[in-house]
Amino acid sequence: MSDTTVSEPRSLKPGLVPPRSGDPEITDEVVTGHGLSAEEYERVLRIMGRAPTFTELGVFSAMWSEHCGYKNSRPALRLLPTQAPWVIQGPGENAGVIDIGDGYALAFKIESHNHPSAIEPYQGAATGVGGILRDIFTMGARPIAVLDSLRFGDLDSPRVRYLFSGVVKGIGDYGNCVGIPNIGGEVHFDRGYEGNPIVNAMCLGLMKHEDLITGVAEGVGNTLMAVGARTGRDGIHGATFASEELSEDADEDSRPMVQVGDPFTEKLLLEASLELIKSGHIVGIQDMGAAGLTSSATEMAGRGGTGVTIDVSRVPVREEGMTPYEILLSESQERMLVVAEQGKEDEVRKILEKWELEAAVIGEVTDDGLFRVQESGVTVAEIPALPLTTGCPTYEREGIEALEIAQLRDRELPEADAPERDLSEAVLTLLDSPNLASKRWIYNQYDTTVRTGTAVRPGGDAGVVRIRGTRRAVAATTDCNGRYVYLAPKTGAQAAMAEAARNLVCTGALPLAITNNLNFGNPTKPHIYYQFRQAVDGMAEACRIFETPVTGGNVSFYNETDGRAIYPTPVIGMVGVVEDVDHVTTHAFRRPGDAIVLLGVNTNELGGSEYLYAFHGLVAGAPPSVDLMAERSLQQATLEMIRSALVCSAHDCSEGGLAVALSESAVGQEKPLGFEVRVDDPIAPVPLLFGEAQGRIVLSCDPDDVEAILEIADKHGVPAQSLGTVREAGDGLVIEAGAHRVHVDTHAARQAFTRALPRRMDQTLTADSE
Amino acid sequence: MAHYRIEIRVTPRPGILDPQGKAIHHSLQNLGWTAVDDVRVGKAIHVEMEAESEESARSEAEAMCRKLLANPVTEDFEVYQVEEA
Amino acid sequence: MAHYRIEIRVTPRPGILDPQGKAIHHSLQNLGWTAVDDVRVGKAIHVEMEAESEESARSEAEAMCRKLLANPVTEDFEVYQVEEA
Amino acid sequence: MRVAVLTFPGSNCDYDLYQAVKQVGGEPVWRWHRDRGLEGMDAVLLPGGFSYGDYLRAGAIARFSPIMEDVRAFAEQGGPVVGICNGFQILCEAGLLPGALIRNESLRFQSEDCLLRVERTDTVFTSDYAPGQVLRIPLAHAEGNYRADRETLDRLEGEGLVLFRYVDESGEVVREANPNGSLNNIAGIVNPAGNVMGMMPHPERAMETLLGSADGLGVFTSLLASLATAG
């Protein structure tokens, strides 16, 4: 392990601050309890030139937590490409921003709320949505869509069902109330997430270029204002908590008080913030998210190269007797920190009042580079601002692959040669797998059509929102198969990138950029750091080849329960633009008689598949390989076909393999259809039908257009073959593979596909189930 | 065995934000009830059941609260009335 | 003037469908509480206010219920506890 | 034709209604709930959303908004008033329409396309539809379960005040088509005077095929046409 921090920023040394009466004394235990190592505490002493007060220790602890400080991830994240001509705002702000043409810009970001959701699924997920919405509208963008990426253990556990249903309800209730349509997401169920669910929420926001604003505390003498909800004792030290492992017998009282979301206040805050930004009365605005007032104030000062002074006694509070420590570290929701132009405080207050919200002056921007906190005029903390943000110690660690994973990857797989079961039955069983089945049970609880922009709703390959007044639309998707990443982190991360890009092009969108949410275990363990580092390397390479830079993201470490880590899950949130809404395409077959064409190559790769998990309970083998150049050609070919108006439907072929992709196009719509196809590749039937080879897309088109499609494929060097024909529902789903024949009744397939989740969820849910 | 009517109150734990209570409080003030200084909203659950005795009815009701009716992370509960009917 | 804590119960009127009560009843039965034969779910509203007297606190609370807290089409209300605090 | 689109704190379909009015050639006018006066307005629309977070009961707090006094006066003078989703809930809470909307039977927020049968075409809100026409329109709500006492229900049915009903593809009133448990599959009603209408589904979200359906257009074209003849 080597400490590779940049040289310490030069800054004023803080003055002496006497201990505040009533605050605990600082002992070794107190320091350890704040998650700071002995070396880190040494560093605090060096920066301060003296011992910190209790309040100051709390500030360091929060800012240098993994969550705020990116201690273990920052060096690796520097490897990710972040630039392209269309990137307006890269990483480092509340959200990334790209140009999408016609004078519009798109802000987007993904954020995790795994730990809070494990404790209180409803509020944890709800406040996760609240936080990501604020990250978007503090950029000056109006949120236009939400996506959610979820992971849980297997649904046969009552506790998992309780978590799953609470999370979905929390996401729905919050987004629905604010009025932001959900346009997609994903969910996987696998024992690898038992006890430690993943809840990532992504938001897209639209703005005109000139409305961009950032979280910067500029202009000495400008006024800091706390805006929105009052500060309570909820979530104190949530950031530090999110940087620790969960343990099943964790003391209830040691956990921070659960944060409760108030989407109604959020909606008012959203409107008020956008109005404030338009008004020109403010120079900066930022959400009080993780580590609350502390992180928003110090980050804004850090970016502005300024200092700030805050008086906590002026912060509107919900409860009496709150200490400076509590006020600084509270994670109460629906609050903003605003830097108003000096003299414009009343104008700001007026706008907030219209929206029935409070705005209080709590401090000002200074030129001394210090984060100074006062309590009724008495200084209780004084810390150089820059070291708090950029001076967080960072670590680049040794990574080593765990032997047992290498063994799993190399092990021999059942059914790689000959099927042990009836293949038609196997198709039905897979369609009933919660991982492959319709997610309608989820998105029926989400408003998907509010704001009248949703051109492709959840249930397709990617969500699409048209931009009123233009011919354009934006598309977004989230993807990651944690099993692949577990078995081979670099390949797995590239597969996530490739799937996201395929999902976008299938709707007619050109992929432009990504945000990512890196969900991993404890990075101080060498085999976890290995996963992390490999995944970042893989992602970086794919970003370069796809020309989709990273504009922001989030790292969530310590996703472990009792020492067991989740599958490494670097969720990719990718956005793209459809140039003309006439190109918007969905995955559903449209007309009997249409031809079915496969782009890409079937391979003999069964590793990491849902088939192995569903029938053998196995997560093993090498995950399907990824050829990034071939993926890129596939993307370009598909887009050209769609833009030439040759394509009736396009569907990414991935989890569940070819048989499942075809079935989804047939029965994954209200009026199911049938199909009849023939595949003659010299591959054993199970890997052929259910292997999850990358780089494939299933299209349907007018039979007269097959030739044109094959020509475009050929031009791009993309292998393509005509597979068969879309049929009436009554003809069933028919696949001939060499000597094997699959024939599934369309109605039975649709039942399996649509009933899988409701069937499992229509059971009693209790909070205390083990 | 006798028949019991049980009244249960499930309320947000102290310190936990209660946005609903806040909104109602605000509305009551707008309607002129300025003397109101706090409103909290929870669930009122009425259960009817057969039980051996009042005590057993009460302890069953408390078990229901722990198991299903209240969320221990965010809510407190109280079985405040058990009546033979 | 004194400070009062008031407990109010707002419940679905008899005959009005109570989907939440029905669902909880069902769940309790699935969890083994087969002796339960009815569940109704309403709101427990806790109000704190200044008032001249207990009677006036009560009558104010009843007025709040009539005006805002209960919907007469679907709900009944009861101010079941008024306590000086 | 000037059409007021009201915004309550927590409304979130006001923008969509505004666009819908514009699309059919009306002149939408924003009205914040604390603004007073509806003079010069030809119709008033109450949007969907979560006024006051739907706290207590959907619509219960918004009905006391200052502008609601003006809405009541406007309705009493015969001016057309439309409440959609939360707007419908507010109109019921305010007593401008009978009945109440309670939690969906599923206890879940329900978001999907529904099929609606147009029960009457002789109203200012439905004149552009064919009798019995089946519409595909998105809905999205948690409290859309229409309830009324026996007497009220008999009157609604007897006087033909039900405007829209949830049906299946063949236009039949069946249980499976009912998304929320509403009595008699009621999705929308009108007052006896015929000028106040409330419905749970969102016609303003079904204005163009790009977004899935254009079947909601009729509500707005009917209204605009009636205003044109009235004016």
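Lettered A, B, C and D in written order, each chain numbered from 1.
Operating definition for what follows: a residue touches a chain if its C-beta (ideal position, glycine included) is under 8 Å from a C-beta of that chain, and two chains touch if they have at least 3 such contacts.
Since this is a predicted model, take the numbers as computed values, not measurements.
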Given the two chain pairs A-D and B-D, which is bridged by the higher number of C-beta pairs in contact?
-> A-D
Chain B-chain D separation of Cα centroids, rounded to whole Å = 35
CA centroid of chain C to CA centroid of chain D, Å = 30
List the centre-to-centre spacing of chain B and chain C in whole Å, with centres computed as mean CA coordinates.
-> 9
Sites on chain B at which at least two other chains make contact | 19, 23-24, 27, 31, 41, 67-68
Which positions in chain D touch two or more other chains at once?
-> 52-53, 55-56, 61, 64
Contacts with two or more other chains occur in chain A at residues 262, 264-265, 356, 764, 766
Considering only which chains touch which, label the overall pattern as line, ring, star, complete or other.
-> complete
Listed in rising order, the residues of chain B that touch chain A in the complex are 12, 15-19, 22-23, 26, 66-68, 71-74
Provide the residue numbers of chain C that touch chain B in the complex, in ascending order.
-> 7, 9-11, 21, 24, 27-28, 31, 33, 35-51, 60, 64, 67-69
Mind listing the chain B positions that touch chain D in their complex?
-> 19-20, 23-24, 27, 30-31, 41
Which residues, counting only chain D, touch chain C once they are in their complex?
-> 56-57, 60-61, 64, 92-93, 99-100, 102-107, 145, 147-149, 181
Residues of chain A touching chain C in the complex = 763-766
